[in-house]
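Look at the two complexes coming up: chain A is in both, with chain B in one and chain C in the other.
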Partner chain A sequence: MLSNVKTKPVDVRTKTRADRILDVRNLRVSYQTGGGQVRAVNDVSFFLRPSERLGLVGESGSGKTTMALSLMRLLQSPAVIEGGQVLLDGVDLLSLSEEEMRRARLADIALIPQGAMNSLNPMLKVGEQLRDAVTAHMDSGGKTSREARIFDVLESVELSRNVVNAYPHELSGGMKQRVCIAMGILLKPKVIIADEPTSALDVVVQRQVMETLGRVQSELGASIILVGHDMGLMAQFVDRVGVMYGGKLVEVSPVREIFKDPLHPYTQLLIGSLPTLESKENFKGISGMTPSLLTPPTGCMFHPRCPQVLPHCQVEIPPLVEIKPDRWVACHLYNGS
Partner chain B sequence: MQLLEAQSVTKVFGSGVLSKDRLVAVDEVSLTINEEKPSIISIAGESGSGKTTLARLLLGMIQPSDGNIRFRGKDLATMDRSERREFRRQVQAIFQDPFEVYNPFYRIDQVLTTPVRKFKLAGSKEEEQRLIEESLQLAGLRPNETLGRYPHQLSGGQRQRIMVARALLLNPRVILADEPVSMVDASLRATILESLMKLKRDLGISLIYITHDLTTAYQISKDIYILYRGSVAEVGSVEQVIKDPQHPYTKLLVNSIPLPDPDIRWGSQNDVDQAPLTSGLKSAHGHGCKFANRCPFVMAECHEKQPPLYRTHEDRAVACFLYKNEPSVGGREMAESLAA
Partner chain C sequence: MRGLDLGYFIRRIGMFLLVIFVAASFNFMIPRLAPGNPIGAITSRMSNASAGIENGQAMFEAYRERFGLDDPLYIQYTKYMWNTLRLDFGESLSAYPAEVWDIIGPAIGWSISLIGVSVLITFVLGILIGALLAWKGTPGILKSLLSLTMIGGVLPYYLLAMLLLYFFAFTAHVLPMSGAVESGMARELSWPFIKSAFRHAILPASSIILTSLGGWALSMRGLMVNTIGEDYMLLAEAKGLRKSRILWRYAIRNAIPPQLMHLAIALGHVVSGAILVEIVFSYPGLGYQLYMSIVNSDYTVIQGITLILAVSVGLAVLIIDLVYPRLDPRVTYVAESSG
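Moving on to the complex of A and B:
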């Protein structure tokens, strides 16, 4: 259905660029289901600069977690990576063998998964879980250097050494989340992907955990992709924000511009829907439904709900282009400007 | 008549013999919902402050160690089978963790058909299908792309919305929602909260909304309870508590809201010092105010006894000695007065 709709390729250079630690090009992932193909990540391109913090927001079900998992090559059947490249420091992760990818995980690119703190094994002490993670990935160095690394990471997430003897249920939510961060940084990755790392935490602990994550990141000189819904958190933490809608990336802009001058109509409505402490009972949800990823609309994914829709939005998929320095948007409103 | 009440409920976890293993998760908390005056009440407070435990008490899933829970005046502990069935129907829950409530081996349809059958909500297969589809749509889901799937085939926010749909299906008198929208985006959150508000307005369904998101708490609720380590630190209208917090803990909480404005730095408005990272490991507290060791305004008496609630306004009370010149008020009296 999509194949007879014209898409312009996104502006990608073929050469690796030193200012891009991660360069994702035309990534396409779908789930093969009985009802058909769910196009969860649909021709997505973006890049991450060294030491940069990129936020990834968007509707529930728009493909954020799928994308995060595909960057790690952690997707399971019936998910299929149908195409694209994930260049980490110039190396295409999608072309690595399983064994090479296993080494790259944690050492180069690490994921703190959605709901991570609930996925700690309740039967195992925290120390054993950390030990399992290092031994699985740190082949060099003996037992003592592994132990030392564990104490190092615990210190950097501000946990005392004796949490190694605690079971997950003995820890507070904030502490569990720190354990997950510690696991993620064990092998000093270059890129950390954190999928909703604080959505279950209160705002005070949230702030502390994000400060920890930020500090650890700058110590390592790593880059971060922060996936989430909390726009307040994004405003406070990231440098740039990517906005996903219906499996597509529709805008990537510096954080200040996302809030002050959003370009894509979806971003505009998303920012407009944020509740404030100024007025009560003032809900500005976006009318209409999330697009079907099984039978997606033709043309722009957002056109059925877009208040600024143009006639050819129904026909042509708008490519993601840089319309001003560092401002990328996929919308026909900006074509030709 | 009072629809649902917590009367000075306390929940202690742990075997009790060794006092160091005892954990007072909920400490003499009272809360009231008036049947004639449907209302939306928020409960906020740090992780581990007892919010979910209070919800489980209110749902009759666990028994209080002290105090009691009443539904239409009747203590849950003394209900017979048919009363209990009625209670189960009228008080519905939307749980916090969408990863835990699902059985991974059943299609999510089962989550919705089970209550329809258990409470005989539909006379025929077609009616069952229609009810289910309506409630899914209310929660912003496409029935034909949701039904038939297994839990792992849905995103986090989609799973959360199934729970919303399930609660809507039963058309209860009260919905207890524990972080119902923590994983959905802002616009959908607005849509879901708006539909919960409409339920109150049009159908008189009360809502107890447990959340870390104080902005949405302010948006939808009339009153808010701020819990700190199982006790009510501050309670009252959101207008009072969130716009003008009085308890030092509430101040810390309100000042920690990450504002969606990159030009206002997170926590920069704090007049309460950044809390020291208390170990967070469970620990028994002494006799004084539970917040004393983190409080920048701590006084000698704060270490000696727990402060009662002081009624600083008609519709607000604060458990803090800074306000000891105001009249003190019992938790139950305050809860009933807010519900009236």
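Moving on to the complex of A and C:
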């Protein structure tokens, strides 16, 4: 249970569960700024099942990208991973050496960035960038198998082989994003982190790219974390949704249930703010501002904006607990129920 | 070549030729617009030196005729352009009957080997230092040490030249004071000659390198910081590339092209860039010759050197322009408007 996670550290393999390909426990990341310490990821725990699609939503500044990047230890200074565990197939990525982590990247856990803009090196041909990636994980030889693999992945993302000879600026946004997907699946990773992979694309291309991403993910059997803020996209793509607010995970639920019956007041307001085809009402927003992480509110992060706030919400931080099967929420409303 | 079509190539060469033509024309006109008269200056100096010479007026006329200064301006101009086209700069005024080429030729060799090599060394070192200063993986101690190279940048290079000259040549006698080789040494590609040339080049080269290194490093650092902030650097790391690979192939490689443009201009300025260093060390390069010919009002030599300067800057920029699409694939000259 995640409520008793304060007891640690334990041997990384002991508490591993076979149904969790990725198990994140008490992850804390902060930015050391001139004005003080900003805790962007605050004691976040969640897990990912094999072949599962998990969506991670939240407003700008909610810590979702910071969290996603910290799973691969890709954060740059001044970001510091302060603690926690990221168990990938039982191995704590946070305790690996730099070289071990380097080898794990792409091979075990891959990033698909928002690739339509600048994620590809403008000076290198697409083929060279793919080759670079494979070569970094090869001990020796295997040139023909490398080329074959590159053509394989290009084919599976529906790109012609010719793109290996193209420079990134010669490709369209959708094509660049496909190259990034191809890059991500090159070494058949167990977990793919897709950080807003389609946010710079128009909806038609977005749909095509997401279909491709979904297909290659199923073929590969990899699990995927889709980071984004497009609830519509999430509804179509993922199995479960995690909602982040102010650096904390406030709810993790299966996607249908989160739309039908959101638990956390923030999730309720978030779902309620989505426009529907039936009603022509004005948009409902959420009053108030996102909390400053430099001077975060005491207790529950959401209490200053919460319509159902309870007295001890201002004092006590609610833990993320499973209140019904597969439904996790961090809110005092559900305490003791 | 990639990113280059024939039309652009021809236009670019034409532009180069036009620049040279205009430069040569200015080169012709400016001395003639200037007050004073070179022949008069020479003859009057001669007469001063020998306390009045016989047939001074006749000599003046003979010189004028010899250098074609009697002709109408347009004929002078045509002759001048024709000669320039054949790279014939005529005879030196002050060292008559020496050909201008006899004076400039060896000087070009010395300038290229001293300043050209110094600039190249500075460029390479500057890129490395700048890159390491921007790279987050560089150890802090190394960064502090590398920052020391900025100190040289605050000194004017001729001042550093004089300091080096004073300490290493005048006081300590470890290195020669002046010249390019031992005086009287035969010009041949022999080992002692090269050794001597090298020993003579150390101080002037050091003063150029030490004073300009900081600037190169600083601008490279700026370019690197921009490159490192790009999204593709994150993906490069996410791909599991080795740090060294990311540094060379993704960061430095991408930051270099703008630096190469600066290099072309710096190399083009090999002549003018280091006049004072050449003077301090009496180094017989182009800058020193230019200085000497200005002192002697030797217009033909001045014209020769300034034209070479114009050609070398133009040529260096032309070359970089033509190879730039190779360096940065985003730059192409294909199917662009002629503007």
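By definition in this document, the second predicted complex is superposed on the first by the 312 of 337 C-alpha atoms of A that agree within 3 Å, B and C clash if a C-alpha of one lies under 4 Å from a C-alpha of the other, contacts with A are read in each partner's own complex, and residues count from 1 in each chain.
What we mean here is this: a residue touches a chain if its C-beta (ideal position, glycine included) is under 8 Å from a C-beta of that chain, and two chains touch if they have at least 3 such contacts.
Model, not experiment: these values are computed from the prediction.
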Touched partner set for A:59, first chain B, second chain C, both or neither: first
Partner chain in contact with A:118 - chain B first, chain C second, else both or neither: both
Touched chain A residues, chain B compared with chain C: B
Touched partner set for A:313, first chain B, second chain C, both or neither: neither
Partner chain in contact with A:132 - chain B first, chain C second, else both or neither: second
Contacts of A:233 with chain B and chain C, given as first, second, both or neither: first
First (chain B), second (chain C), both or neither touched by A:102: second
Which of chain B and chain C A:173 touches, first, second, both or neither: first
Touched partner set for A:330, first chain B, second chain C, both or neither: neither
Contacts of A:72 with chain B and chain C, given as first, second, both or neither: second
Doubly contacted residues of chain A, that is, touched by chain B and again by chain C: 114-115, 118
Partner chain A, residues of chain C touching it in the complex: 136, 230-232, 234-242, 245, 249-250, 253-254, 328-330
Of all residues in chain B, those that touch chain A in their complex: 44-49, 96-97, 99-100, 140, 142, 145, 148-149, 153-158, 160-161, 179, 182-194, 197, 212, 214-216, 218-220, 238, 242-243, 252-253, 256-263, 265-267, 274-275, 277, 279-282
Residues of chain A that touch chain B when the two form their complex: 31, 33-35, 57-61, 65, 114-115, 118, 158, 160, 166, 170-175, 196, 199-208, 210, 229-236, 255-256, 259, 269-271, 273-277, 280-286, 289-290, 292, 294
Contacting residues of chain A [partner chain C, same complex]: 69, 72, 74, 76-77, 102-107, 110-111, 113-115, 117-125, 132-133, 136-137, 167, 169, 180, 183
